[in-house]
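A, B, C and D label the chains in the order they appear, each numbered from 1.
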Amino acid sequence: MSTLQRPVRRYLGRPDSIAPGHVPGVPGSSFEARRAADRTGLLWLIKAISGGLLIVFLGLHLIAQHLLVPGGLRDFASVVDYLRQPLALVTETLLVASVLVHAAIATRTFAAELVRNAGTLRVVSVVIALAAVATFGYTVWLTISVLSWSA
Amino acid sequence: MDDISRQVAGGRQIGLFRRATYWLEPRWRDPGWLAFAMNRLTGVIVLGYLVAHMVVLSQLAAGPSGWDSLLATFGSQPFLVGDTLLIGAVTFHALSGARVIMLTFGIGTRHSGALFGLVLLVSAGLTAMAGWAILFR
Amino acid sequence: MTVVERGEIASGTTGRNHGLLHSGGRYAVKDPESAVECIEERDILACVAPEVLELNGGLFIAIEEPELEYRDRFLQACAQCRIPTRELSPAEARELEPALSERVLAAIEVPDGVFDPLHLCLAFLATARANGTTVLPYSEVEELVVRGSAVEGAVVRDRRTGVRRTIEADIVVNATGPWAGRIAAMAGLDVPVVPTAGVMVAVAGRFVDRVINRLDKPSDGDIVLPQRRTVVIGTSSWPVADPDLVAIPPEHVALMFERGGELVPGVRTGVTRGIFAASRPLIGRPDDASAGRELSRTFECFDHAAAGVPGFVTISGGKTTTARAMAEKTADIVCQHLGVAAECQTTRTPLRSYRDFYRA
Amino acid sequence: MPETRIRLRIWRQPAGARERAGFETLEVTTDPQRDMVLDLIERAWAEVDRTLVFRHACHHASCGTCAVLVDGRERLPCVTSVQSVWDGHSPLTLKPLRNATVVADLAIEPAAVLAAMAALPLPYVRTVEREVRECSGGDGDGDVGTAERFEDCLECLACVSACTVAGGDPDYLGPAVLAAAQRIVEEPRGQDVGRVIDMVDSEHGVWQCRAIWACSAVCPSNVDPAARIMDLRRRLLTGDWPAAATTHAPAGSGASHG
């Protein structure tokens, strides 16, 4: 287990293997400054984990929402009954969350290829993150409004 | 971009158009290229569908009458065919992602091309089954 | 100082050889002068440029009965040339190198090594660049600037741009190997350099870690040495008129497999990776070139001032192993002419990493 | 096989100038069974057009200077036999490698990538591994583990040319540099592993690789850069890299310098 501490400290805390100093012959190449800004490994890991979760939750979603439902589509009442069950509510919410995380990171990768300037990229990344959070907020609101509709 | 990368750049500038389309430059002899390109294409397709799906679901806020009237159109044949293709894109994208994760952890690194073949096969199979379930059952 | 190279670095003879870092054992009996140069240079390179050398040593092995008589003369000659040797029993030899032929009768270990030709050149040039030298690849000397009887520069065409320009120089050093004759002719001089080609065959599979030589007088196909995951069998000898394009006689190639196979049988069934030849600059007259094998491997430095053409020096002959010694001798002559009283330090100055050649 | 004529459709680009660039067909004689593609290029230079610029040195896959595109595929022409790539009648197309600046005609400028390699720097000599030694016959297994050999990577840049990602981003360190970094992590030989890990664990390092594997497909020297990049990713995620330079540098290997 001890080696797993290292990626945790590397990506989340103070990395233990900060380069002691300057790379001779390569101007201005001290890695400490760059180290803090670059957590791409963590982004990749989150994208992979969210991808894995997606396979599970999307599978459940397809089965619960389409396969088991006669005709494949739920009418309004059926949607409400389904979402009333706490387990269904949780899995649908986690599905939305992992989709948004996964899509956000992937979109940022696209952006990183198009945008050359590091500053602009940071801005674009923040915008993408906000969009994802906003979308998640909207789905929560929509779910509440659907559930409260019948009350 | 650190100094090592700047050295690697060595003055080679790549324009915006090429940066946006480099992944579409075909390398038919390398299955990994097709895996990468299709992964992106299916990713974009699914993202597009999700946006549409969000818009459609927002109709729920209009209550039962608004929503239930939509069911007829979304249950119609063209939409069902669309759904099957969508499932194809999703299954491929999922399995292709799984392939990259496996390779990252050293599984199947000697057969990365064959792994892609497997991804194609399995996703096609799943899509066929889903298609049968949606269209003919 | 400016180094002008017609193509990519080491695209001439030096680049295209099997990369043997000679301990001198090969020449101990027949060419002691060359052998002493080799062992001295081998030790210097091992300390100044370890990064580009495989120092696994070499084995001289006897396969047939008659070669056993050569053993004593070989051991004695090596001792005279101060080449360290260690006798191994056939069993010991095959323990170290299992791919050796079962018919090993005797084995003597010598400090042979292997270098990578391009990267050894780059190490020298990286050090030169670090000391202010300009290196111009893809630049071809088309004429020498001759004013009166003196050489004062060269007209160089950059093959990348086609642009011709003149480089003025206090002294022009003609270090063009088998092409030395062609360049010297530009100043109306004739240098006794005989381009003598030799074929080498690369076979897939790292059969041996050491350099395997035949314990006999030098002959064709008497060496098998490792290069990464291949082995290279060398070499042969035939005079060529034009070193620009060497046609390889097929029978020489077959001989490599046959003779190399006697030392390391595995090569006979190995996959051929490359068949290549370069022409060596042997010092001598064309008429005795037919006996190409007998020409000495030592190098010679011609100060053409003595022939009434000051400002022009030709250095040719020799081996890649003795390149530093050739440069030292040439530099001594150049320093004499320029009135520089510097003392040679290249025997102990570590070479820069070859990678530094590519640094800004 | 008798001598026959072959047309070489070679990319000509004087002084790297793109606007005057284009294909030119040079015809030479060849014996497809004995010649290598580099022999044809050299014959075209010697007999047809002396202005042809191309890179070459060792002619047996040990220097890595001659890599070009043969019919669109990255190859070392010095070890690519004519019969293995030629159908016997149509012309052979030769172009300089992709993702590198062209010096002229078939020659590219390697400095950009090789300077990054120099910043690592990967020692050039390594210890011999058991599976590499062809110990045909005999009892012992030689002195595996103490004998030295050169690193497999020829720095020929075929992998960088084949890499789709490198085609889209000049800042990507690329398969050659990342594979070299992995070799340092695998066999430190006195190098500072921590610094190398920091260098590759970046946006333009191992995380930009898309597992396309074209680099490993074209590598002429058994390096398998894709698997090494993935190995670095696995090591980063599991913390599996030597804390400090634990293994000693074998005798005569590159002293750390520069």
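In the analysis below, a residue touches a chain if its C-beta (ideal position, glycine included) is under 8 Å from a C-beta of that chain, and two chains touch if they have at least 3 such contacts.
Please read all numbers here as calculations on a predicted model, not as lab measurements.
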item	value
Contact-richer chain pair [B-D vs C-D]	C-D
Chain whose averaged C-alpha position falls nearest the assembly-wide average	D
Chain whose average C-alpha position is farthest from chain C's own	A
Cα-centroid distance, chain B relative to chain C, in whole angstrom	58
Separation of mean Cα positions, chain D and chain B [Å, integer]	33
Approximate Å spacing (C-alpha centroids) for the pair chain C, chain D	25
Geometric centre distance via CA averages, chain D-chain A, whole Å	38
Sequence positions of chain D contacting 2 or more other chains	111, 115, 118-119, 168-169, 199, 202, 233, 237, 258
Per-residue multi-chain contacts in chain C, two or more chains	356, 359
Residue numbers of chain B (touch at least two other chains)	1-4, 7, 19, 22, 104
Touching pairs - complete list by chain label	A-B, A-D, B-D, C-D
Residues of chain B that touch chain A when the two form their complex	1-4, 7, 16, 19-20, 22, 43, 47, 50, 54, 57-58, 60-61, 63-64, 67-68, 71, 74-75, 80, 83, 87, 90, 94, 97-98, 101, 104, 133-134
Contact footprint of chain B on chain D as seen in their complex	73, 99-101, 109, 111-113, 115-116, 119, 162, 164-165, 167-174, 177, 199, 202, 204, 210-214, 216-217, 224, 226-227, 230-231, 233-234, 237
Residue ranges of chain B touching chain D (in the complex, touch as defined)	1-14, 18-19, 22-23, 25, 27, 29-33, 35-36, 99-100, 103-106, 109-110, 112-113
Residue ranges of chain D touching chain C (in the complex, touch as defined)	14-16, 34, 36, 42-43, 46-47, 51, 53-65, 78-79, 103-104, 107, 110-111, 114-115, 117-118, 121, 123-125, 128, 132-143, 147-150, 152, 221-222, 251-255, 257-258
Chain C residues touching chain D - in the complex, by the definition given at the top	7-11, 15-16, 19, 46, 50-56, 94-100, 102, 116-119, 138, 159-162, 200, 202, 205-207, 209-210, 226-230, 232, 244-245, 250, 265-266, 273-276, 278, 350, 352-356, 358-360
